[in-house]
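Listed next: structures, encoded as structure tokens.
In what follows, subunit A forms one complex with subunit B and a second complex with subunit C.
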Partner chain A sequence: MRPAASNLGDEVVLEAQALQQLLEVLSGRGYQVVGPTLRQGSLVYDRLSSLDDLPRGWGDQQEGGFFRLRPLNEPALFGYGVGQKSWKEFLYPPRRRLWPARQEAHGLQILPPGEDAVKFAFIGVHPCDLHAIAVQDKVFLEGPYLDLHYQARRQSAFILAVNCGHACGTGFCVSMGTGPRASSGFDLALTEILAEARHYLVVTVGSEKGRQVISQLPHRRAQAQELEAAAKVVAQAAGQMGRSLDTTEIKALLYRNYDNPRWDQVAARCLTCGNCTLVCPTCFCHTVEDTSGLTGEQAERWRRWDVCYTVDFSYLHGGSIRATPRSRYRQWLTHKLATWIDQFGVSGCVGCGRCITWCPVAIDITAEVRAIREGERSGARGQGPGARGQGAGISKGTDKSN
Partner chain B sequence: MCSQLTDPMLPTPYQVLKRVRETKDTFTLTLAPVKGGQGFPFAPGQFNMLYIFGVGEVPISISGDPDRPEKLVHTVRAVGAVSRAICGLKKGDTLGVRGPYGVPWPVKAAPGYDVLVIAGGLGLAPVRPAVYHLLARRPEYGNLELIYGARTPEDLVYRRELSLWRGRFDFRVHVTVDAARNGWRGNVGVVPNLIARARFDPEQTMALVCGPGVMMRFTVQELVNRGLKMENIYVSLERNMKCGLGLCGHCQLGPFFVCKDGPVFPYDRVRDWFLMREV
Partner chain C sequence: MPRKRRPKLAVWKFASCDGCQLSLLDCEDELLTIAGELEISYFVEASKAVVKGPYDISLVEGSIAAPHDLERIQHVRQISKFVMPIGACATAGGIQGLRNFAKVENYIPLVYARPQVIEALETSTPISAHVPVDFELQGCPINKRQLVEVVSALLQGRKPVVSPHSVCMECKMRGNICVQVALGIPCLGPVTHAGCGAICPTYQRGCYGCYGPKETPNTASLSAWFSQRLGVTEPELLRLFRTFNAGAEPFRQESEAHDH
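So, the complex of A and B:
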């Protein structure tokens, strides 16, 4: 294949083996290349040094509280859904030193943190996770204050998305409008096709960065039948989707139901372990930790992911605001699906299903919402903030008057 | 969205100029930047994050005069590890300051109005800058009334200032305590009971309310009973905060982050969430 000129939005074909060159081109451009790889029976995102690091021939089986790798009968490179981890650990690391400080003779000295020059290329970002990155962009880049560290990593990142060829067991991206096809937010997006002894990738060029990279690889314009094959792969995934979440007026539904008895029912199962918040690709809550050295002359401030399921999370002198598991599960679910919309203009849920897979007791967010909706129909409706009328004043969550 | 070049999580070193004991566990600190300079302007009701070396950081309302921002004043009660450490600072000690954060009291929108400032306990600290602002522009406002309550006479803060204010003919100050021993000659009872004594035109009155949740709930109820519009009643809320920037999630109240959407809210905007338990 001879390199052909490509433009934004073009769809081109790469042979599967050309991915190796793609990885090399990316590292040649100074990217730290990270992507899916196998570790201890699970699927993680980590550094890729060659194509062989990808889980070739492996798929996954996911159910509520269940994740197993399973061998496929084909050498697919992207035959699995989303793993436990998400890309947020690179853009928004679980632990990060904010700054070091020194106690000196003339008092406290706070030093600016060092530069963070790392530039990531993400290989194999599923459409739900692309949306999750867009959601975190709104949180970290569009509020009154920016997270400069996130901004630096985000702006320099290269994203190679992968359209889903099969539905993951717990996902419901079709309901959330986030998959199984990547529509925007990538530099390159590929659909992997294994058919009639051919193994190739139909690649959509999504940005100038993507165009430059593809121009260094042997590729050609995709033909009608290849595009058709790619569309079929994605349609097949959409058709397999086992779960759904009815999002009709979901914000109003949840605002009306803060006192729905279902919260007690789910609280009786919830262990408040917080797994769902750690695997969630949009959860952004964090806390800070202050440490000091043994001599008392050095101190550091660290930021780490926090979990809204702990009693400590809402602690104020005298006690915690959310003292019961009921209120903490309710906080998480209503934040994801309702208050998030008021705060950031989008849902905090992208339908990736991780919270279902990695919940040790298999609590299913789609089932909980369904139960609340059905419970309300049968009269178990509560006295939430939206219960009387339209919930006066609560729709202006981001209005900063004064 | 504003562009910013520096990391908002980086505190600036400040030095303690003065430390005054208010009650057995509450202190007022006057601070100035270690490097000199003017400090920063702030609006009444805003707060700072105060950092103690190696111990931690807490949100504390600014309680000084917004017309004299060169002196940064904070009143702190020793209730946890960080606030205890802040209260233990001596003249010349340093701490980190970042801010100011949050939506202020709407004093700039209040000219022509009667203003009721209603505080319980340490709730007087976050409204004191509003009082300074109002008194400095006294002719612009109608009646000014302060209603302030604490648990016992020993728990009253800013006592010297309260008696100065009581001496003014253009500012009515009502003080009450929940319980007192012999020798207390003032009011005994809860804050909402004193609202009946305040003079105001309910149609043209703004109330600034800050105190414990229970006190605010009953105060607001009483104000509404007396004809105040809920949108003219402002409350200042308190939550756990780690960043002050709207990013850490700790201060969430329904669709709000108290740090950036508050801490001061018009009551009609937060009522449903404020009255609900455990949100």
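So, the complex of A and C:
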């Protein structure tokens, strides 16, 4: 194939085996290449050393509380949806040492965290996860306080997105406007096509970094029929979408249903284990923990993921303001879909469906919103907005904020 | 900061297997530092040398299972500033708490050649059922890192980092894939207190709840899922919740719900 000059927005074709060269080019440019691979009987994102590490010929089957790998009838490299893991653990790791400190003669000496700079190339980022990264960008990079660690990893990252060829069993990206096609936020985005004897990738160039990488690979301009085939792949995924979430006036809906009896029903099932937020690619809450050695000569401050399902999360003087599982589930859902919009100008939900698949008892955010909407139509809104805050004890009126 | 005197540590044993006390001796790297920062004053598992009380910190292992325990725990409380029960026996009554669901006199002849010399209470109960306690460390056995953390926190006068949330939190942060969702293995992680570091799921086994209930555990919902979706039978559910922490109230109630 004769290399053709490519520009931003261009769509080019690579043969599937050229991905091996792509991985090598990225490594050569100093990236730690991470992408989907099979481990622990499931799909994880981990370091890729060659094309053989990708889960060729594997897909997934997902339902509420259920995930299984599924062999495909074709040697697709990207034939699966999203797994439990997301890219947030690379950009915003579960635990991070903020600083160590040492007791010295003149007092406490705060030392630098001593982290190595690492530059990631993410291979196979689904469109919902591109949106999730954009949501976390708003959290960590916009507003008065920057997260410098996130910023360093985020700005140096290379993103190879993949348009979805089939719908995840629990996803609802179409209704959230986040998939199954990547529209922005990538360096390169590919659509994988297996047709008759050919296995090729239609690649959109999304950035200068992407253009430079593609220029090192054998490629050519995509032809009309190849573009058509790529569009068909994505349309097929959109058509398979099994779930949807109606976001019409979602803020107003949730704000006026603070006392809807549905919250009691979901609280009866909710384990408050925190899994939904841990797997959510946008959840960003964390806590800070101090540790010290036995002698008190050394101390460390750590940041770790936290979830709004623990009692400690909302512990203020005198107790937790979200003492009941009802108030904690309501906080999570209301924040995700409504107060998040007030806070960051976007929804906190990208429709990836992870919270549904990885909930140990299959609580389904789309079903909960539907039940609240339908319950309201049939007059089950609890005591209505005028009665807000007349709920149980201490959680009075404080629940809707984060 | 120089301290005037080293705080005195005592380690007490009630009805137990000694495993939690051994966690202290297992702190091989930290033991000399601990002995330097604390005066290990009463620890008969480790040394016959006994320094008289009162004590600043009393670690209490074991449950109250015999008549003389009743008086001895009062004594321990009286001579200790800070009382911390350690392990499932001391915090929930332990595996010997299974007697609480049966008649203890039926067990005694099965175990002992001369049942008449055995003095046992009808029930095995946690330390907190008898005296006020200052902090509890759950687990069968406890995690030595948590023990060192609590001791460090006490010495430095700060809050110990011991979270009462689910094992799932540790499991996900460790990077494990959920064994229940991805492999169909019933796992008590969502209702179990963190602290072990999610050992069992890391080796692709379901959590069996040896750290006892987490805060606000919804055992009924998890049981319903086990039974309806994972094919766990009623007798199996009973056994799942009736192990080392059978006497912990949420687990007790859940096992009784399946005791037909």
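Here, the second predicted complex is superposed on the first by the 379 of 402 C-alpha atoms of A that agree within 3 Å, B and C clash if a C-alpha of one lies under 4 Å from a C-alpha of the other, contacts with A are read in each partner's own complex, and residues count from 1 in each chain.
As a convention for this text, a residue touches a chain if its C-beta (ideal position, glycine included) is under 8 Å from a C-beta of that chain, and two chains touch if they have at least 3 such contacts.
This is a predicted model, so every value here is computed, not measured.
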| item | value |
| --- | --- |
| Most subunit A residues touched (candidates subunit B, subunit C) | B |
| Touched partner set for A:Pro94, first subunit B, second subunit C, both or neither | second |
| Touching partner for A:Gly296 - first (subunit B), second (subunit C), both, neither | both |
| Which superposed partner A:Ala197 touches (first subunit B, second subunit C, both, neither) | neither |
| Which of subunit B and subunit C A:Ala224 touches, first, second, both or neither | neither |
| Subunit B versus subunit C as contact partner of A:Ala117, first or second or both or neither | neither |
| First, second, both or neither for A:Asp342, with subunit B first and subunit C second | first |
| Touched partner set for A:Phe140, first subunit B, second subunit C, both or neither | first |
| Set intersection of subunit A contacts, subunit C complex versus subunit B complex | 290-292, 296 |
| Partner subunit A, residues of subunit B touching it in the complex | 1-4, 7-13, 15, 34, 51, 53-57, 79-80, 83, 93-96, 103-104, 106, 109, 238-240, 242-243, 245-250, 252, 254-257, 260-261, 264, 268-273, 276-279 |
| Touching residues (chain side subunit C, partner subunit A) in the complex | 1, 30, 33-34, 36-37, 148-149, 151-153, 155-156, 158, 161, 163-166, 168-169, 172-173, 175-178, 180-183, 187, 189-191, 204, 215-218, 220-222, 224-225, 229 |
| Subunit A residues within the subunit B interface of the complex | 98-99, 101, 103, 106-110, 112-113, 139-148, 258, 284-288, 290-292, 296, 299, 301, 303, 306, 308, 313-318, 321-324, 326-327, 330-331, 335, 339, 342-343, 384-386, 391-398, 400-402 |
| In the complex, subunit A residues that touch subunit C | 39-42, 44, 65-68, 83-85, 89, 94-95, 268-275, 278-279, 289-296, 304-305, 307, 309-312, 325, 357-358, 360-362 |
